[in-house]
Amino acid sequence: MAGSTYGNLFTISTWGESHGKALGVVVDGCPAGISLCEEDIQIYLNRRKPGQSDFSTKRNEADAVQILSGVFEGKTTGTPISMVVFNEDQHSKDYGDIATCYRPGHADYSFDAKYGFRDYRGGGRSSGRETIGRVAAGAIAAKVLGTLGIELTAYTRSVGTNTINYDNFDKSEIMKNSLYMPDKACAEKTATYLKDIMKDLDSIGSSVECVITGVPAGVGEPVFDKLDALLARGLMSIGAVKAVEIGDGTLVSQALGSNNNDSFIIKDGKVAKATNHSGGILGGMSDGSDILVRASFKPTPSIYKEQHTVNSSMEETDIAIKGRHDPIIGPRAVVVVESMCAITLLDLLMINATSKIDNLLKIYK
Amino acid sequence: MAGSTYGNLFTISTWGESHGKALGVVVDGCPAGISLCEEDIQIYLNRRKPGQSDFSTKRNEADAVQILSGVFEGKTTGTPISMVVFNEDQHSKDYGDIATCYRPGHADYSFDAKYGFRDYRGGGRSSGRETIGRVAAGAIAAKVLGTLGIELTAYTRSVGTNTINYDNFDKSEIMKNSLYMPDKACAEKTATYLKDIMKDLDSIGSSVECVITGVPAGVGEPVFDKLDALLARGLMSIGAVKAVEIGDGTLVSQALGSNNNDSFIIKDGKVAKATNHSGGILGGMSDGSDILVRASFKPTPSIYKEQHTVNSSMEETDIAIKGRHDPIIGPRAVVVVESMCAITLLDLLMINATSKIDNLLKIYK
Amino acid sequence: MAGSTYGNLFTISTWGESHGKALGVVVDGCPAGISLCEEDIQIYLNRRKPGQSDFSTKRNEADAVQILSGVFEGKTTGTPISMVVFNEDQHSKDYGDIATCYRPGHADYSFDAKYGFRDYRGGGRSSGRETIGRVAAGAIAAKVLGTLGIELTAYTRSVGTNTINYDNFDKSEIMKNSLYMPDKACAEKTATYLKDIMKDLDSIGSSVECVITGVPAGVGEPVFDKLDALLARGLMSIGAVKAVEIGDGTLVSQALGSNNNDSFIIKDGKVAKATNHSGGILGGMSDGSDILVRASFKPTPSIYKEQHTVNSSMEETDIAIKGRHDPIIGPRAVVVVESMCAITLLDLLMINATSKIDNLLKIYK
Amino acid sequence: MAGSTYGNLFTISTWGESHGKALGVVVDGCPAGISLCEEDIQIYLNRRKPGQSDFSTKRNEADAVQILSGVFEGKTTGTPISMVVFNEDQHSKDYGDIATCYRPGHADYSFDAKYGFRDYRGGGRSSGRETIGRVAAGAIAAKVLGTLGIELTAYTRSVGTNTINYDNFDKSEIMKNSLYMPDKACAEKTATYLKDIMKDLDSIGSSVECVITGVPAGVGEPVFDKLDALLARGLMSIGAVKAVEIGDGTLVSQALGSNNNDSFIIKDGKVAKATNHSGGILGGMSDGSDILVRASFKPTPSIYKEQHTVNSSMEETDIAIKGRHDPIIGPRAVVVVESMCAITLLDLLMINATSKIDNLLKIYK
């Protein structure tokens, strides 16, 4: 695959550059019969919209989505759903150093090496705006999953060394603070911390978590298309993610088996687990517990501080990156993480629907 | 995809159960003209063979590989290479509790939920023996990459809290100790530590790292098929892996941008980097530095200690797992990690060969 | 795959309904460095535009294409090229019978059976307008192939019983008559013939051929991705095509081996063939001769004559289909056939670039 | 995809050369819970086994299949089913001219052009024996389809100018004559005809048809993964096929719309069709009628007659191909056609199971 299409049965194909005419996505394989309107999508897109807080780029875009196909009389038809967001704030300007310098921590050099040249305007295809298509598609996937009783909740877990206190976890708090943290006190402390980072003309890393409830056991394929393997791919494909963890994540490397294993128990007449170190996935298949996945984001590579680098004429030089950039990536990426989880899970859930002959008999007989 | 095929141009399709007749793999898309014999494969398989140390299952298998197709007069023909390892040590026996109980930390329950029943003999398809096909294919991928000047080195980074000291890193040491650690002192200390774990009838987690040198810049596709995204999928698809990290991994979530960004420099007349926090990947494409990737393995779920669980009749019960099992997964998985990295990288390197018209002109004009 | 994406390395994802807001395509994997502008695409789209002759629907659409991404400073960047054509002539109207009746020869009933309901406006996704995306993508594929010295020529071979005389074959004539026939006399005769069909309120079948020159030997994969197999899929996926033939096509079923085999000869110091019954493909790979492929189109299913059918209330009824419809499909599909051939061939040509280690060494060493 | 894997959810990966150690297939994605044993497969393989009639190569092979994985306690487990047939009759011999000459009508030259060299023994990967894997997989697909009430019947329709008389169609006759014709008189006449061809040291073309009954309406995806498009690919991927037709096939190019359209009617309280020119497929989706598909096979390219050709030293030469070869391909390919139809249909039927939310609700709620 050429790399801009994701998924097997529920597929998304994204396109668009930061400063091109538009960005968008084609969603194919969405089951027919789901109620869908532009507002369903817009709610998701608004969660990643710029200019909403002190910690988000001042780029001012409505990011208004249009659905161009695949919905008829308010319902998905089963055919491709094409969605587009036109870029508004693409005033012609002097890109100066950006056009010729390889910004540290950015894809500039890799792009030139791969393609021979690059669209240097605003990062081109590697801009954070590339995620618009993911989020628009994620809104649809989440809606289909909701119909099946599955719910996703993503949030910022940490910013630098400020980590939420799980004892204070309050889901309703997530949408109330601009950092999307489920711990009010931590969010407030972090806001102050971030202002200091910004004063230093610097940026900081962060981590985002997603919890998925209501997933039936057995979703995911046992070898290469394990649920955790595809979640890992989906999340690591988000720009700036450098680590993906399931359940206890890296901590398992120091755990004892007797502690890491989750005992099975009977609860409400069903198989359940006493603990959830596995993060809801065993053998690559959902085990009926909550799915827990976490992504670590590197600090925003664009910083105002001067940095040493190289230009395309092979000369060493210094660069201070002007323009608009967030001091942190995680909070605006919360909805991207949730979207990639929704898309990945729905695809595997659809594949799983054909895993045994009894399922096919339910549909065809 | 049904989940047992991996890759796009260089694909592998694995098959086989722990206690079935055989396990194997079909490698498709291997470039023609590579010298290949069974010994090339066997060397890799021997690195994961059981029964070689105190810390490896006593199951005694030669795991002798046969190449059944795709090689003619000592060279790959470009057609599928089918490789098989017949199971020898599959003496009929009483599987007792295993057949009916859901072992904690295992895929038993997920399998039943998905398919309605399962091959309970030795874990069936979710056994560590499933990786035989991956390693056989990895040996081929590594050989192709070697022809292009690319080299992979994987090793055990930590066992429990015993982590190698990078100041003592000695590549030649890796193959000399049964833990595949590149730090002799650490390996010796860990051996003692592991014996204590075993006395406690318990198991312990570990981590494995892989370094890849010689990768040209630009390999990897910019959005969903990012090099790091596909490495994450490949490694997370190995049984027991719960986290994948690239470069600084989870540490980036606490890093400052000014520190995490790697400065570009000119070295020997070429673009290079002063540091390598990125782990050799920027924007999902190789940046010309060494690729560094890390996987965290949970402790072996099979332990001799008694555990609480549920059986398929929905009754709670206790189980102590008999038979042969390793106290640790990482060391025998070192070659699996290396194999998955090789397969993933080669596939993307082949895709990258068609990224610009100049490349096609080199071949067709 | 969910069915609206085509190709492996060079992929196209089409979307849009006849009477929706727009139709379009995302082309992914196009090699970087190809000069491209909207006019390149428009020239192709104009060849399938309605309203250009007596034999084409009066629907009046400019079908003006916009490139929304993937091109920078006049060249392809290697990232997805999104193209869109907005529907203009979608005046709200009473669809009457169409909404409830299953039109004979149409996909109405199949759609309802599959999805539970359908977008009945103008055929929805199964409209001929669906091919806009294919043609826009085909224009790009043809341009890449042209850079490599490969040229495609498609034309109408027959309409009903009127078949071109190959002795009169004049390539320059194709674009001069509204039937896209390479035989002026035949085109004139056919025009008269068609007017009679139209007077009878009926429609007629046709066939289209495509010749591809300059294809190097060896393109196509030996088993399931044979060049002819994928051409067959590509052409049969065009609405109304009921047969695909390569070279001598169905005639081979009556041929003797001694006659059907093409002798190899040496010509201009190269391997060539004395005849070309094979249509340029042997063993699923190009053999260096011209590729010849042919598609048979059924008559337009929409006819003004009254027909017997069933409605969605399960009642038998009669229907006479009003509105605008062509009496014949082939001529406007000529450019669609050419496009699908170009897309299919380019994809396999790119895959073939990685078939031997010598090719990879040319690029990476 | 590298070309030896076929299908999306129900996938097959075939491997093996004519004179290598073995040939086989890995079937992935087969629904769990289907009864399966080696005899189920062997019955299908025996239909293509050599040495069974005057019109089949004298190569004497039992072609005994072994199932190596994916079946437990007599039922499919949902994991990959690996099947292998070891080559017996591969006595070392002098391949003489074959090793250096490009046989007319064969893939020899294309292979050399693509890969730089080839496995010249018995055609290598382009041998008819490559179909062993397809047939073994087809037996499984047919068994799954049978569970759902779907039945496939393939047969030889014509040999040279000898075509069956549909008025004499007798399904029970197919397995009784060595030509697999459903018309006893035609089979007898054809046998005599074929002996004359053989006396002339020549070969002859043929055609094979497959009828599929019991397919529910709606199977197939509306654009590129149309049921007819994928059947066309599947059949055209069989060596020697040069044309694929659905329903009336090439005849539609001469038909009137008023005649070609099939009227819908109500029959037994269900939607049905008065005629079946469409071959059971409308808009790329099954329409509930019998599916009818036809493939045209070229004459066997290996003939005893002397032919003119070129060798790999670029010299013109003559060649008379010795050894064992059938005078005709169709009859032994009947079961291959049936197999490819079964595999293709099952895959699309599984995909179709997820086409609407109501289906997912049936399984997950």
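By written order: A, B, C and D. Residues from 1 in each chain.
The definition used in the following text is that a residue touches a chain if its C-beta (ideal position, glycine included) is under 8 Å from a C-beta of that chain, and two chains touch if they have at least 3 such contacts.
All figures in this text were calculated on a predicted structure; none of them were measured in a lab.
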{"item": "Label of the chain whose CA centroid is most distant from the centroid of subunit C", "value": "B"}
{"item": "Contact-richer chain pair (by C-beta pairs counted) among A-B and B-C", "value": "A-B"}
{"item": "Chain centre separation in whole Å, for subunit D relative to subunit B (CA means)", "value": "38"}
{"item": "Chain centre separation (subunit A, subunit B; CA means) in Å", "value": "26"}
{"item": "Rounded Å distance, subunit B centre to subunit C centre (Cα mean)", "value": "44"}
{"item": "Shared-contact residues (touching 2 or more other chains) in subunit B", "value": "1-5, 8-9, 14, 29, 32-33, 78-79, 114-116, 125, 216, 222, 351, 355-356, 358"}
{"item": "Touch list for subunit C against partner subunit D, complex", "value": "1-6, 8, 14, 102, 104-107, 109-111, 113-116, 125-126, 130, 158, 160-161, 197, 202-207, 216-226, 228-237, 239, 241-258, 260-266, 269, 271, 274, 277-279, 282-288, 296-303, 305, 307-310, 314-316, 330, 351-352, 355-356, 358"}
{"item": "Residues of subunit D that touch subunit B when the two form their complex", "value": "1-5, 7-11, 13-17, 20-24, 26, 28-29, 32-33, 66-70, 72, 75, 77-82, 84, 114-119, 121, 124-125"}
{"item": "Subunit A-facing residues of subunit D, complex", "value": "8-9, 29, 31-34, 78-79, 144, 147-149, 216, 222, 349-351, 353-365"}
